[in-house]
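Order of writing sets the chain letters: A, B and C. Residues in each chain are counted from 1.
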């Protein structure tokens, strides 16, 4: 039995180490029980507004301490985080309630190449190397990915 | 060894209790082996029709007993479930085959505020407090989330 | 204790057997540690181009050996894989780097019924019975599903 026990323990540790299991709360949300990654990759203002409404509704439903929300923008979706975005006040209100907003550096590089300048961003924006890579990381950490 | 055994058991129970594990069939689909949540948050009629086609194709491929399908509508997507929707007959045919259709109450409240009236809905519609919260619950229960 | 041990082992094996655990690398990517399924169900050329950019960026970020990428097309998204697609060269460059491209046979049947002919496809395309069923399989195998 000892051998099977060791085998079982090894198996157990493998299972426990699997990324899908992780779902440990991020440092800024130590009491979070719900984990939501919202993808934004469209420039349509109504779609951008919907993403913000969803974040706001989830904060209300679960309470800001119980849910960790990260909005990941890439492609045309990064416009939400431009310094001159018409939605900037709503973004900042959500930042104050603990929502994180990411911008994809691959997209920024591409805009830089096409236009010759880097867009000014809301200073609360977090730069990530690639938006989709960030979504994969968050999924591995137990976040549910939703693209409103 | 006993202490490590207890530790392992605790770990095991933690792992086993993780929501990703759940995937127990819902009461209305006791034999389901496949679990699909279809998100609809657009008003485009072609997109709405595609969601219904996907549900229909999945019922054909797996058989209505083997798959549990829930269509979750929010934002402009709730129009699919208006009583006067041009797609109502297709919705009801899917309801008869066990597909569940949810409407987001946050969206209904928002429509009520803007228009002064609550839209009449297909009577088979299930109201959920928030569409995205429902998607998170379904994901925790082992459903795959797809937004066609 | 023996009975609880057997119970625990049974539980362990159940947990270990759960599809979410699978994530074993596919035969064509034996060293992959990252698994990405990209959904394409729109005909918008900018959206199709974004899917290819995402695949390319992920290959650069992780390296072609470390990531398995599968692009699953259905509905209007299958046009990406038509033989006369303006994006064909970019598709083939990604195929050479190990990206798989699937087309949904349900959609092909539907196009055949409406137009009377089956569209000519890029010869590297892999036919799957249903795009969404393929996404469910990939999710069960540990792939992260993203719809750029």
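Assume contacts are C-beta pairs under 8 Å (C-beta built on N, C-alpha and C of every residue); 3 or more make two chains touch, one makes a residue touch a chain.
Since the structure is predicted, the reported quantities are computational estimates derived from the model, not experimental observations.
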Magnitude of the superposing rotation for chain A and chain C (Cα, nearest 5°) = 120
Copies chain B and chain A - interface residue numbers shared by over half, same or different | different
Averaging C-alpha coordinates per chain, one finds the centres of chain A and chain B separated by a number of Å equal to 22
Note: chain B residues in touch with at least two other chains are 8, 12, 15, 20, 145, 147
Complex contact set, residues of chain C against chain A | 8-9, 12, 15-16, 20-21, 23, 34, 36, 46, 50, 53-54, 57-58, 61-62, 142, 144-148
So in the complex, which bits of chain C are touching chain B?
-> 4, 8, 11-12, 14-15, 18, 20, 39, 41, 74-76, 106, 110, 129-130, 132-133, 135-136, 139-140, 145, 147
